[in-house]
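Shared between the two complexes below is chain A, which has chain B as its partner in the first and chain C in the second.
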Partner chain A sequence: MDQGQSHRIRRRLLALGHFIGLLLAMSLICLPGLWVVLNSFRPTVEIMAKPPVWIPSELNLDNYRAMFGGIGEGGVPVLTYFWNSLVISLTSTVIALLVGMAGGYAFARYRIPGKSAVFVGLMVTRAVPGVALSLPLFILYGRLGIIDTHFGMILVYVALNVPFTIWLIDGFFRQVPKELAEAAEIDGCTRWQAFWKVEFPVARAGIASAGIFAFLTSWNEYALASQLTRSLNSKTMPVGLMDFTSQFTLNWGGMCALAVLMIIPALVLTFLVQKHLIAGLTFGGVKG
Partner chain B sequence: MADVVLRDVVKNYGALPVVHAINLDIAHGEFVVLVGPSGCGKSTTLRMIAGLEAISGGTVRIGDRVVNDLPPRDRNISMVFQNYALYPHMSVRENLGFSLHIAKRPKAEIDKAVAEAAEILSLTPLLDRKPGQLSGGQRQRVAMGRAIVRHPDVFLFDEPLSNLDAKLRTQMRVEIKRLHQKVGTTIIYVTHDQIEAITLADRIVIMRDGHIVQIGTPLEVFERPVNAFVATFIGSPPMNLLPATVAGGALRLADGSTIPMPPGLSVRDGQAVHFGVRADNIMPEGHSMPPTAHMAHVEMPVTLTEPLGTETLLFATLAGTEVQAKMLNPRPVRTGEVLRFGIALDKCHLFDATTGASLRV
Partner chain C sequence: MYRMRLPPWLLLLLPAFVILLAVVAIPLVLSFYSSFTAFQLTRPETITKWIGTFNYQKAMGDANFWAAFGRTVLLLTVALNLEMLLGLGLALMVAKVTRGQRLLRTMMMFPMMFSPILVGFQFKFIFNDNVGLLNNALQSLGLTDVAIPWLVDGSLAFFAIVFAEVWTSTSVFAILILAGLFAIPQDPVEAARVDGCTPWQTFRYVTLPFLMPFIYIAMAIRSLDVARAYDIVQVMTAGGPARRTELLWTLIGRTGYVDARMGYANAMGYIAILLSIVFTVYFFRKLTTARTSLGMGD
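Here is the complex of A and B:
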């Protein structure tokens, strides 16, 4: 009786310790994000205060108001940046997914001579740091005349994402038994119908997670975008953040406000497909 | 419903032939089982009939159409796969109705067909579940339901029971046989399990290394195997084979002892043979051996016993080879006990030692 009770208490204490530990770890991870959100709502004086002010004395929307305001009042073309980011990220994600599905399916299902060599070759392109590509890309794009265009940015991000989507989607199609498509074909489907009605829906979770990864890569990418974009034509949100720096000052409040706007769509998207994302990640984990 | 005819059907994987010009006539409504060890080409043959594998040579005819170049969807067949291949994202109802849905049949017709199939296979309470929520046996029944919904000309079964536990397998075997009695459709069934083959088939097709070795009713292949491979493959326990030489109208075993020549065989003196006898035809005296005209008697020490309830399997040594014998109405037997066994010679077989071919005329 007594023993059971002490056992129970110990188990509760352990659970509590677990909870506190996780809370501490999570706060460490979340702190920078929280700090950005907090800073977007308070004046520069408080942001720059030393020692740091943890509990804000005043919260307001001044930074947001200024950001959406006119050119003279510290305004930046947020909506244009947002639109550029959205168009470039979404388009490149859709293309990367389509190519990834075609490629991943082919790698998973067909016997192609030199398959593993091609596959490794694709993966190796991911090993090249993005920044190392910026100069060659800049020269190439300059000659082609596609600097500062949506098309140019979409091309870069598709190239960046395709190896990854192929790899991930290949893994998912490998997990779909090929008898499913065969059963569908016997049930009256064409090869194409068998793919869209059976194999695609079964691998959907994996394809969704590949899509999220591709979208976030494009949405957050800064290094290449800062080289290859020039003006309102194609500047994306991460590049837009630099509008808040000038020769002698740095408008931290404004930058944080734009950063918050940037985080929101990514956050919403991640929440929406969270379940798939976890399934996708663990899926990839067990893939041999 | 239709008959199925295979003429000189060949399958090569690159330069590697896996099915060698096989010929097979399957009558309308017949239940034919393809059986053989793994890698014998039985599944490949089935998949060629289904249209899932290209045919390298010869023709496959279903009904009055040569189907060599028809895609699976135009062959009017159904197939049950070893891993069931149920669509995991669809409910049982959707799985059953999928083929009709693809064929764009009216909804009322689909509902009726699905309800009928579900009734036959007692799946009605499970119609709204997903395959992931079903047990192995239930999944198996859904796979069968999906096959019968479209009233195909031919059912193809590819080792459908090998993922089930022993008890369920026996149960589903009966259900498949009952299904065949009910719908009467031609069935081609692939298995590596000879018991499944014997219990289910109207006719058994035994394959080995891409060739058909023997075609016959279960009783025919059991009683008159064409060679030593069939003799040891069909029947449990496998037929005992003892090396022997034909010497002056008798068989001389490896240790020099002789047993009389079984009747009805064509042999020549000095020929090296294998003497084949099933455990059912070699029994200790006094234990229900049915009396026959041709009996031989041997004495053997028992090395191991395997009691099976109504009978006991005795492992004994004859001329240096281990043989299995059956003891009906068993009594306890000590290891090492020497028993006198009777061999029913008219039920025995001789196979040529080099070719393995049966020497029965």
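Here is the complex of A and C:
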């Protein structure tokens, strides 16, 4: 009896510890981000107040109004940045997925001489730091005249994402039994039809998870974009954040407002595919 | 009929090869060439001025370069290990939750949605010595009276950068390890319990070996992504004050764009790339070994 009771107390304590630990970890993860969101509704004066104002006296949309307002009144061309970001990220994600599907399919279904060397070779291209790449790309793009264009940025982001999409999608196609496609071919499908009608639908979840990674990478990339974009033609939102800084001051409230605008699409997309994301990483991981 | 000469796998991989060749390989060849010249961004004609291995020799003898190199390796080691341990802990805690796990998983991925540059600004403000959130909180709680110079003092600034790094990237580890926890077959775990293993023994000798491939994948992905640290550090301290938080990438960026000494910057860039490749190949090796030992290899 006594032993059972002490056992029960110990289990309660463990559960309590688990709960507190989880609470602590989650607040550490979420608070800095929520603080940014909160600040986007407060005037900069209050954010910078000394002594600090913990409980905001009023929340308003002034920062958002200023941001969407005219250029002269402290606004930034945020809609243009948003549009540039959206076009560049979406296009590069779609292209990276198509190229990744072709490559992943090749790795999953064909015998390739020196397979693992080719594979590591592909991944190593991703190891080149953006800033080391941006120097020569800057020169090259300057010669070709594609600095500050959507095309130039899309090209870079496709290259950035292709190794990773190939890796993830490869893992997913491996999960699809070869026999499935073979059966479809026996039933009169061409290999092309078998791919789109049988293998693609099964691997769709994995492709979605590769897509979200590619999208987040392009959506959030700064090191390359800051060198290869110059004007409203192609400036993306991460670069646009810099508009809120000047030599000695920083419009923190306005920056937070733009930050919220950046996070919302990412949040929605991640929430939609988060289940597939975990499944996708599982397959890509173990069976790679 | 016309027959394809190329094997189908090559045809399928061709788009990937072409794009990577155009955007990564050719620029790298260009930068490799320019690293042997006295190329200056402001004087384009200097790209033909061949100076041999001078830039590399200069980098080898440059104390600033080696300080940045050492600091980069230190940051990588500290950040990757911390992220791994915290990610493991987080994943184990989240996996135990039965209700509301989907919400927790989404919350866990929250930092991944933040652009690194945004993370930089966010922590620049949290760690600001005058109006920063952290100092304000410490002062309001009465823990300290002085403004702790988080981003000014060398080692405190390094701590702040590690904190920002760990904050953004622990979720990558947590998600991959969580994916691993879901994939673990239950039989060996139960067998261990029946055989009288303590929970710790079960974890150490059954669960952990199964998780190793996932941990190495996360390590490989993160070591590929280390250039993210450039954005964060650039915003938080820009390598300063007085180079005390200088990393390879901030040093290279400044040399190339601000000082316009492209040739020298490219030479240092090559050394940085080699470092990245060494880390990546190392973790891929580890990954293959861990997979083979579990019988999941190719």
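Definition applied: the second predicted complex is superposed on the first by the 264 of 288 C-alpha atoms of A that agree within 3 Å, B and C clash if a C-alpha of one lies under 4 Å from a C-alpha of the other, contacts with A are read in each partner's own complex, and residues count from 1 in each chain.
The rule we apply is simple: a residue touches a chain if its C-beta (ideal position, glycine included) is under 8 Å from a C-beta of that chain, and two chains touch if they have at least 3 such contacts.
It should be emphasised that the depicted structure is a prediction, and the values quoted were computed from it without experimental measurement.
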Notebook entry, point to check: So, on chain A, is it clash or fit between chain B and chain C?
Noted result: fit
Check: Between chain B (first) and chain C (second), which, if any, makes contact with A:R230: first, second, both or neither?
Finding: neither
Next item on the list: Could you figure out whether chain B or chain C reaches more residues of chain A?
Entry: C
Check: Once the two complexes are overlaid, how big is the angle at chain A between chain B and chain C (Cα centres, nearest 10°)?
Finding: 90
Note to self: Between chain B and chain C, whom does A:R12 touch in the aligned arrangement: first, second, both, or neither?
What the structure shows: neither
Notebook entry, point to check: So, does A:M123 touch the first partner chain B, the second partner chain C, both, or neither?
Noted result: second
Margin query: Looking at A:I186, would you say it contacts chain B, chain C, both, or neither? Reply first, second, both or neither.
Written below: first
Next item on the list: May I ask you to decide whether A:R65 touches chain B, chain C, both, or neither, giving the answer as first, second, both or neither?
Entry: neither
Next item on the list: Between chain B and chain C, report the minimum C-alpha distance in the superposition, expressed in whole angstrom.
Entry: 14
Notebook entry, point to check: Is there a shared patch on chain A that both chain B and chain C touch, and which residues make it up?
Noted result: none
Note to self: Could you list, by residue number, the parts of chain A that touch chain B in their complex?
What the structure shows: 177, 179-180, 182-190, 193, 197-198, 201-202, 204
Item checked: Residues of chain A that touch chain C when the two form their complex -> 18, 21-22, 25-26, 28-30, 32-33, 35-36, 47-52, 54, 98-100, 102-103, 105-107, 109-112, 115-116, 118, 120, 122-133, 135-137, 139-140, 155-156, 158-159, 162-164, 166, 216, 219-223, 227, 237-238, 241, 252, 255, 259, 262-263, 266-267, 270-271, 274-275, 277-279, 281-282, 284-288
Next item on the list: Sort out for me which residues of chain B touch chain A in the complex.
Entry: 50-52, 71-73, 77-79, 81-83, 85-89, 98-99, 102-103, 146, 150
Item checked: In the complex with chain A, residue positions of chain C that touch it -> 7-10, 12-13, 15-16, 19-20, 22-28, 30-31, 34, 89-90, 93-94, 96-97, 102, 104-118, 121-123, 125-126, 130-131, 133, 136, 140, 167, 170-171, 175-176, 178-180, 182-183, 213-214, 217, 220-221, 223-224, 226-227, 230-231, 248-249, 252-253, 256-257, 262, 265-266, 269-270, 272-273, 276-277, 279-281, 284, 287-288, 291, 296, 298
